[in-house]
Amino acid sequence: MNNISPDLWQPITYEDRDKERIARPSMTFWQDVWRRIKQNKSAMLGFVVIMVILLLAIVGPWLSQYSYWEQDLSNTSQSPSFEHWFGTDGHGRDLYVRVLHGARISLAVGLIATLVNFVVGVLYGGISGYFGGNIDSVMMRVVDIISTIPLVLYAILLMVVLGPGLLSIIIALCSVYWVRMARIVRGQILSLREQEFIFAAKSLGASPFRILVRHLIPNTMGTIIVTITLMIPEAIFTEAFLSFIGLGISAPKASWGSMTSDAIGGLRSYPYQLFFPGAALCITMMSFNIFGDGLRDALDPRLRK
Amino acid sequence: MGPNKEPLLEVKNLRKYFPIKDGLAIKSYIKAVDGVSFTINQGETMGLVGESGCGKSTMARTIMRLYKPTDGEICFHGNNLATLKGSQLLPYRKRIQMIFQDPYASLNGRMTVGDIVGEALDIHKLASGKARISMIHELLHKVGLEPDHAIRYPHEFSGGQRQRIGIARALAVSPDFIICDEPISALDVSIQAQIVNMLKDLQSELGLTYLFIAHDLTMVRHISDKIGVMYLGKLVEIADSKTLYKSPRHPYTQALLSAMPIPDPRLASKSRRILIEGDMPSPIDPPLGCRFSTRCQYVHSQCVQEEPKMREISSGHHVACHT
Amino acid sequence: MGEKILELRDLKTSYFTHIGEVKAIRGISFHIHRGEAIGIVGESGSGKSVTALSIMRLLQHPGKIIGGQITFKGKNLLQKSIKEMQCIRGNEISMIFQDSMTSLNPVFTVGNQIIEVILQHHKISKKEAKVKAVEMFKLVGISSPEKRMNQYPHEFSGGMRQRLMIGMALSCEPTLLIADEPTTALDVTIQAQILELMKDLKKRLDTSIILITHDLGVVAALCSRVVVMYSGLIMEEGSIENIFYNSKHPYTQGLLKSIPKANWKDKDKLISIEGTPPDLLGLPDGCPFMPRCSYAMEICKREQSPDFEIEENHRSMCWRLHDEAPKIETWMKRGDFHGTK
């Protein structure tokens, strides 16, 4: 270190330096979440399975030569074969197509019910939490009352009025499930609204609607999404349950619930008729739950640096 | 430019009580701010010092009208803000702004820095499109940040940088008056000086008036023309900053001054500290008489019975103490 | 001065994150004697807290010590098993954290928690432990200890809790107390109380203290030596006199200038260090302080300077201390220079 060339002793000007440098790559919150969930093998498996089921439900029935309602009385209760992958049911209908058709119904019920719950629950909970005080007290008592009525009672009453069918199930699910979402969102917003960035937005003159939509809800989005992914399988299961006890989808439409219900009678002779819709239900529910759990871990602020 | 003597903000007997509810009935009140009066002149900086729990942040938020005052007046340019509601306040949101304490909690983590700084422009419809972007860049430049920082998210910045983003946000509406609610308390000492200097430079550049809140007296004197000391919801002493540091009259101010760390080992080993014992009493049930009487070393019988009035002992120097 | 009780030699600690290695400590060496108080000063991100955690072996994943030695009373702490470390922690080295609220369990009374700590490290009966706990309450200046023992943490104020933490840390009479920003979250009047308390305890119990802080003012009252850290390196180390009156590193000088002086004049402007501490991820070659330094030279960009020994117990990492370095006049001539001396 004795021979340091003189030009190295030259002072450098301020312009040559970057004193506000930020070295790390810019990453949004959701990019960060996505990065973390990608590391979680089982959550990704769940995600892939959900995607496959979704894809099959959409295009699957078109690719098959059979349809879910066409009866072939000469081919009743066939075992699985090349012709009929999952076999046929007591009316000779192809089970593979019927299971995929059931997937359509289940996913549709799950998604529509959750979407409605999302919109209603988030707005209701958001308003209740943001305004607080007496508005909050009244809104939450309403929620308490709704949540005391059992879902099945609702469903049965709706069936009586509207007749059994997809619509009644969705309405029944929608009118009850948003309550939980509203409670969760309200809790989050109650703690967020005392944060300084909310005060900052207020002092800039932001309207309550803007504060809710631009500041509060985006910050509760993580919890909301986890709640949604865990709500979908529940809605699917409820639909299956209602169809199983005969309150849901009616023939010839297929639902995993009604299919298992149909298969119970011939369980000894044709166990596969129960197995396929049952397995589809299990796999779907498991995938959503595993993915939801992984999402929760990825969103956990304690793990965030 | 020297401060001209026109009052910009006059706070008169301001009170803010928070009810403590027991079911539906109101059980008692937290008297966070309990009768505070002061005046800030145009172009001036008033420092406000007090320990945590003395009500200084509540006062800042009440003046900002984030809280509704229980009683009293907030006169800004002669208009009383205390009684205004909702959208009536909107024009004043452009004239009074606020800088917050916690550089982490005061920025919305889901918005880019550009959107945070530009939010005021959107709300008040001050600029859009290209003009908006160039205004954001200009604001960032004002606080020493680069234009390409606008697309980044708050968590990528250091505490000092975040605080500067907060300053840029407040400047977006070109306000006359900025309430700085402990803007430096959460920062490293070396960065505190940076922020204080920046606020001072902006003041002389833009002719701003500040209410600068801090929890100790160390930095306040470098920015304030006059300083108020607050204890348990009340002002106990107001004086111009030189007088306050040279001849503090209230025992609490004296204790605060002597508790300041002395960055000089030779002086530190020689100096005697006035240590005040114990903690601040609860604002739900403040002591009768002088609020500082429970910790004051000069306490006598009058202090316990009678609340001292604010009185002027020399020009501009007000103290609320019996002794 | 007593024996050296702790010595760090070329300690390196890194965090292995998904975006790369964050070098939190890049080879630091210092030591502390028995009964001595030293201060570690630096901005957030300078590695001062990581140093404390490394000594305690309390680094969280993905942090890892990747080199160097930590010798405590002649034994290398890095070779100790987890069990042995648990024995040392609390018994011989104690630590106080900034946030005393999270360090106490809210569902147990304060007395219970302290008695438990005492019982963990001493083979005495519960009764004796209680007596000891009461003594300790008195030691840290908490009045009516018998009543206070039965209260929960939330019934204590911030200052009280921090006293309590100090009391808990000292209950086993450790040889070394590491205080990581013990007063940062507290009010000045309480800070003064805590510093007085630590000074007093040092005298009475002959405990060595490492005080970690970002405020040089806090250090002045308590410590006899100061270590100034920046970006995982020790920029300057010296006796308190050396650091305050004869500092050689521009960073130390900047720190000193940015705190208000005791004998302050009316129109003195604070001189701050411009810019922001560098990101520890992907640090460029050369001196990490270069971008913010008034004296930066071409060489600072290329290479980190070695340690220059100025006198005994005073060293600094700055190229300006090199024999061939240009004199101060070089910078004085320049327009944008705002350093002094």
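Side notes on the structure shown:
To keep things simple, chains are lettered A, B and C as they appear, and every chain counts its residues starting from 1.
Criterion: contacts are C-beta pairs under 8 Å (C-beta built on N, C-alpha and C of every residue); 3 or more make two chains touch, one makes a residue touch a chain.
None of the values given here were measured: they were computed from a predicted structure.
Taken together, the touching pairs cover every possible pairing of the chains. For the pairs B-C and A-B, the count of C-beta pairs in contact is higher at B-C. Note on chain placement: the centre of chain A and the centre of chain C lie 48 Å apart, centres being C-alpha means. Centre to centre, using the average C-alpha position, chain B and chain C are separated by 30 Å.
Rounded to whole angstrom, the centroid-to-centroid distance between chain A and chain B, based on C-alpha atoms, equals 46 Å. Chain A has residues 20, 22, 24 in contact with two or more other chains. Multi-chain contact residues of chain C (touching two or more other chains) are listed as 274, 276. Each of residues 144, 157, 161 in chain B touches at least two other chains.
By the touch criterion stated above, chain B contacts chain C in their complex at residues 51-52, 144, 157-161, 188-194, 196-197, 200, 215-219, 221-222, 242, 245, 255-256, 258-265, 267-269, 273, 275-277, 279-280.
The touching residues of chain C, when paired with chain A in their complex, are 17-19, 274-276, 278-279, 281-282, 290-292, 295-302, 306, 322, 324-326, 330-331, 334, 336.
The touching residues of chain B, counted against chain A in their complex, run 61, 64, 66, 89-90, 93-94, 96-98, 100-102, 105-111, 119-120, 123-124, 144-146, 149, 151-153, 156-157, 161, 166, 169, 172-173. Considering their complex, residues 43-45, 157-160, 187-193, 195-196, 214-218, 220-221, 240-241, 244, 254-262, 264, 266, 268-274, 276-277 of chain C touch chain B.
By the touch criterion given at the top, residues 1, 4, 7-14, 17-25, 35, 305 of chain A touch chain C in their complex.
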